[in-house]
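Structures incoming, each one as structure tokens.
In what comes next, chain A is part of two complexes: it sits with chain B in the first one and with chain C in the second one.
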Partner chain A sequence: MAYERIHPAVLAVYFLSVTIPAMFSQNPVLQIVSFAGAVCFLVLTEEELPKARTVVWMTLLFVMVVVINPLFNHRGQTELFFLNGHAITLESVLYGVRNALCVISILMWCRIFNRMVNSEKLLALLGGSFPKTALLLSSSLRLVPLIRHRAGEMRDTQKELGLYGNGEMADRVTGGAKVFSMLVTWSLDHATAVSSSMKARGYGLKGRTTYSLYRFRKRDAVKMALILLCDAAVLFLMAKGKLAFSFYPALTMADGKGTVIAVILYSLLVFAAAVMEGKNRIQWNYYRSKI
Partner chain B sequence: MELLQIENLTFSYPDGEKPALRDVSFGLPEGSFTILCGPSGCGKSTLLKLLKKEISPYGQLSGERLYQGKRYEDTDARVSGSQIGYLAQDPDSQIVMDAVWQELAFAPENLGMKKEAIRARVAEMAAYFGIESWFHKKTTELSGGQKQLLNLASVMTLEPKVLLLDEPTAQLDPIAAGDFFSMIGRLHRELGVTILIAEHRLEEILPMADRVLFLTEGTIGYDGTPDGIGTYLINQNRGMAAGLPASVRLYGLLNESGPTPLSVADGRRLIRHYKNAVRSVEECPAVADGNPVVLVQEAWFRYGRNGADVLRDACLTVYEGEHYCLLGGNGSGKTTLLSVICGVLKAYAGSVKLFGKPIRSIRDGERNRGTVAMLPQDPKTVFVRDTVREDWELACKTMGLTGAEQDKAVAAMAERLGIAELLPRHPYDLSGGEQQKAALGKVLLLHPRLLLLDEPTKGLDAAYKSGLKALLRTLTEEGTTILTVTHDAEFAAECADRAGLFFDGTVAVSGPVREVFSQNAFYTTAACRIARGYYDNPITCEELAGLCIRNGRNEL
Partner chain C sequence: MKKTITIILLAVLIPALVVVGAVVFRERFYAWLALLVAVISCVPLFYAFERRDSTAKELMVLAVLIALSVIGRIVFVEIPGFKPVTAVTIIVALSFGGEAGFVVGSLSAAVSNFYFGHGPWTPFQMFAWGIIGLLAGLLKKPLKKSRILLCVFGALAGILFSVTMDVWTVLWAEGTFVPKEYLAAIGAALPLTVEYAVSNVVFLLLLAGPVGKKLERIKKKEGLFTEERPTARAEKNPADIPEKEELSK
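So, the complex of A and B:
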């Protein structure tokens, strides 16, 4: 994947630049663009089709958000029909659609970010400015699966010995409590051992540095600069009201050159990820045909 | 000048009645390789921890500790932190970070090295230790052997001059332990690292060492060359002699003189001094009949629907009153088979019968009371209470005992195992061997007719091992059937009636223990390897020595 070659800091800034304008602007064009960009990226990078459950869940969420707004919000000029004496208006339905698009697209971008920046990269990011937090986080990340595994082992042993109860609820609860309390003791024991292993390797000396596998290269700097430039322009135009949009009482939208430029710049940003992946794919196909 | 020197070191723990170490003095010259051995609880760990200032235990200390001629108290924290490396026993409790590369960078980060220097150091270590292929993995995904190699590599990133190793392979299987030892040998040979290693598995490292220290009850009993340790232990007739390499024990049993043979090859040369007119040990009558207690037929098992099959067409029969040892590599599914036999896991095809009854028809409660019980690999998982006594009482309660009956049962078991003084203690405060005994006590209180043991000799020293062997022998004499899963061929040779080799999800070879071992060329005991081609079927050192003596020496 193309994003694997990019420094996590660039990826993080990119994530913020894509989500923030769509989150704070009322303009549905941004939401549509953001949604389309996320879909393109996922289609290009996901190895398997999304699970049916994910699609159903997303669709349900979408429908729910769309429906809720017109049920409680009756502003707007164009009445579609009346429900219990309240008007359901076209504007509030459209506003619901806008909200739903916003929520879904942000969820999708989170999914993308989660894949681009795994826990290791996130730690490398944190390590720069919060080294203690990063260390704590990394050791906790290790501890969670370790404790879970240990709990499983203890439970299995107690089951083998017949001390985990004979399937009666009360027995199972007391058995679970015993295992849990011993698990706490074990964790403390483990923590002591780990801390002495840390001390044995020089932890606690002054001037600890933080190492990361990722190097901030020139091309990362170029990408970062381009993103920040686009951001600045989009945010500036947003602040100037060029992306203003209101749903009530009737749909009104700012237009003019500024709006067009802002939308184009934002689209460039959003689709950059998908374009890079697409290019990457074509390149690979090309290389492969040569091999 | 000695790199590391201690003089008249005496140390006692705050709550200890007698000192853990008494008047210990020795020096380690640069580039030396010293083995520190001695029975469990003799003070080996305490001594090693005292040599590493950062993790020295609290207590009363007298005497001098010198590093490069300077007192420990005056040594710079940066020097002692980086130049003296320390590695403990448990692979898991020494790993701090989530990913392998982070763990490798951990120590250089502590020293405050620059990013580029760390990059170079980490790369160098990963390449030297052969870590490249799992460099990006999570530390929880590694095998025990990989974890311990990672711990060693992480210590080596500090570029220490001295390595203190506290039984680093006690938790590893023989193959992983062999890999670890050969890495230690490489560090010593190629980098000239000074090594002090506490170890009771002497078979492999004795030929590498140039000096052996034997610690007993906190004092040094022997300090000399590896050649002499055999004679010393055999003459002092300590239980520890059983932990010596097979060729050394053979040498002792034959009352030989001259240089001590350390390796199997030396041992093979030694027996050539004897005739071989009588080539075999007489066969004891085989016990392999009677009622099958365990009958596993064509069992299949996998973890999860899409997992690989761990048991593939597994068949196993264990007869009443016998001790059956199942040997096999790590991750071959031996432990899974035990779990299937004790009913915690269920085979998805094939049949499992205990005492002639299908396992499905035995209710959970009934199965646990007096039928089958298992001692898991890690005895710590057996305990759920704050004292050994409470834990044992829990087992008694499961058996339906109350009040006075309970006390009687607990007292009887404590006497049988000889651990009455451990009853009021917290299980986690016991040493490895004591934990094992306490856990076994709890399991035996369930009065199983079939006892399943998973790696019962892991991390035990020779004395504990012989105690365990004796206990298991009396149990089988009383009619308990035992099924043991182990890596320890020597243990199997000495106490099993029949043995099998587990491979690729099934029992590949099975038969009387003598037959299995004398036919295997690699997966067998050292005595077998020494005798191979000269005598036909001795599998223990005692048998081999007996044969040699019966045949008499070659007259030359």
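So, the complex of A and C:
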């Protein structure tokens, strides 16, 4: 993956630059661009097809957000029909679509960010100013699957010993409580064992540094500068009202050269990830074809 | 030196972010502001936690507790609103103090959202659960004495959580804060609020006794989170010490 070679700080700034304008602007064009960029990236990088459950869930969320707004909001001038004496307006339906696109695209970008910045990179990113918080985050992320696995083993053992069946509700609840209680004891003991090992390796001693795999190179600086430049231009144009958009009472949108430039710059930002990934793919296939 | 830089950075950065939001995100300024408040109010608390001396043991115990509350949230995923995170946060705060409660509450939100999906709501959840932990730590003396008070606090914490999340819902949908819509959102979320409150009470009644006992045991055994240990700041700042002496007189 192309993003593996990029410093996590650049990835974090990129993530913020993609999500924040779409989140805090009313303009649906930004939402559409950000949604399209996320889909492109996910299609290019996802090894297997997304699970049907994810797609269904996202569609459900989309429909829900679209439907909720016109039910509570009756502003707008184009009435579609009346429901319980309240007008359902075209504008509020479109506003619902904007909100839904926004939620879905941000969910997708968060998913992409999760993939790009794994816990090791997160540690490197936070490690400078929040080392303890970073340690807590990464170790609890590791502990969740470990403790769950342990809980499964305890439950199986308990069942095998015939200490609780899985028939009645009350039986299951007391069994679950018992496993949870053991789990707490075991995990706390596990914590003290791990911390002894950390202490033996010199955790918390003065002058001890943490090794970071990620060095901020020249190419990272170039990327960072390009992203920040794009950001500055987009935010400046937004401040000038070039991306202003209002849904009520009727759809009105700023237009002109500034708007086009702002949308183009934002699209460049959003599609940069997908383009880099695509380039990487093509290069890989090209080199492989020559073998 | 590092501390001064951080403070100057925060003093410049926060007003700058507010001004930028007011100019750039005019249409959804309140949503921006709310997100900023949620993020910024967590920063000093985490910063205080970073400044405090903590042993590897304390950190690992906190990590385990975060993991346990996240697992609880995953296990009960089928029932929306029925999550033990608040109860675990309160129990931790009662045994280990408000700071530990804050850290466990807010990081449980951050970690569990790796499973449930991160979004702009993450800072709000971190804020809400963190503050609940902090409050429980401040009120730990009366809460430890009375079961009834603990349950009342749990129910109130559920309501606080729900009401905080409704702020985000309204701001997200509307971009500006409309009191009427806020009340409507609270009304719409009423069943969920009730569920939060009830589940907190249920989990507190189930867990406060046994888990609290285990935490107290490990606290005593390993000497964790003792309050009399000098913090890094008190060591460097002798001015703090006479104050304490005055108090004892």
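Definition applied: the second predicted complex is superposed on the first by the 274 of 291 C-alpha atoms of A that agree within 3 Å, B and C clash if a C-alpha of one lies under 4 Å from a C-alpha of the other, contacts with A are read in each partner's own complex, and residues count from 1 in each chain.
By our rule, a contact is a pair of C-beta atoms (placed from the backbone, for glycine too) under 8 Å apart; a residue touches a chain by one contact, two chains touch by 3 or more.
Everything numeric in this text was worked out from a predicted model, so none of it was measured.
Engineer: Clash or fit: how do chain B and chain C relate after the overlay on chain A?
Structural biologist: Overlaying the two complexes on chain A (C-alpha atoms) leaves chain C and chain B fitting together cleanly.
Engineer: Can A:M182 be said to touch chain B (first), chain C (second), both, or neither?
Structural biologist: first
Engineer: With the two complexes superposed on chain A, say which partner A:M154 touches: chain B (first), chain C (second), both, or neither.
Structural biologist: first
Engineer: What is the contact status of A:R288 with respect to chain B (first) and chain C (second): first, second, both, or neither?
Structural biologist: neither
Engineer: Check the residue A:F72 against both partner chains and state whether it touches chain B (first), chain C (second), both, or neither.
Structural biologist: second
Engineer: Please indicate which partner A:G162 is in contact with in the superposed arrangement: first for chain B, second for chain C, both, or neither.
Structural biologist: After superposing on A, A:G162 lies in contact with chain B but is clear of chain C.
Engineer: Identify the partner contact of A:E120: answer first if only chain B is touched, second if only chain C is, both if each is, neither if none is.
Structural biologist: So A:E120 only meets chain B here.
Engineer: For A:S139, is the partner it touches chain B (first), chain C (second), both, or none of the two (neither)?
Structural biologist: both
Engineer: Touching A:T209, do we find chain B (first), chain C (second), both, or neither?
Structural biologist: first
Engineer: After the superposition on A, what does A:F245 contact: first (chain B), second (chain C), both or neither?
Structural biologist: In the superposition, A:F245 touches chain C alone.
Engineer: Report the closest approach of chain B and chain C over their C-alpha atoms in the superposed model, as a whole number of Å.
Structural biologist: Checking C-alpha atoms only, chain B sits 8 Å from chain C at its nearest point.
Engineer: Residue by residue on chain A, keep only those touching chain B in one complex and chain C in the other, then list them.
Structural biologist: 139, 141, 146, 181, 185, 190, 194, 196, 198-199, 203-204
Engineer: Across the complex, what residues on chain C touch chain A?
Structural biologist: My answer: residues 6, 20-21, 23-28, 31-32, 46-47, 49-50, 54-57, 59-64, 66-68, 70-71, 74, 103, 107, 110-111, 114-115, 117-120, 172-173, 175, 181, 184, 206, 210-211, 214-215, 218, 222.
Engineer: Can you list the chain A residues touching chain B in their complex?
Structural biologist: Going through chain A, the ones touching chain B are 119-120, 123, 138-139, 141-142, 145-146, 149-150, 153-154, 156-163, 166-167, 178-179, 181-182, 185-186, 189-190, 193-194, 196-213.
Engineer: Considering only the defined contacts, which chain B positions touch chain A in the complex?
Structural biologist: Against chain A, chain B makes touches at 52, 54-55, 77-78, 81-82, 85-86, 88, 90, 92-99, 101-102, 105-115, 118-119, 122, 138-140, 151, 154-155, 158, 339, 342, 344, 363-365, 367-369, 373-374, 376, 378, 380-385, 394-395, 398, 428, 442-443, 446.
Engineer: Write out the stretch or stretches of chain A touching chain C in their complex.
Structural biologist: Going by the criterion above, the answer is residues 23-26, 68-69, 72, 99, 103, 106-107, 110-111, 113-114, 129-133, 135-137, 139-141, 143-144, 146-148, 151, 177, 181, 183-185, 187-188, 190-192, 194-196, 198-199, 203-204, 235, 238-239, 241, 244-246.
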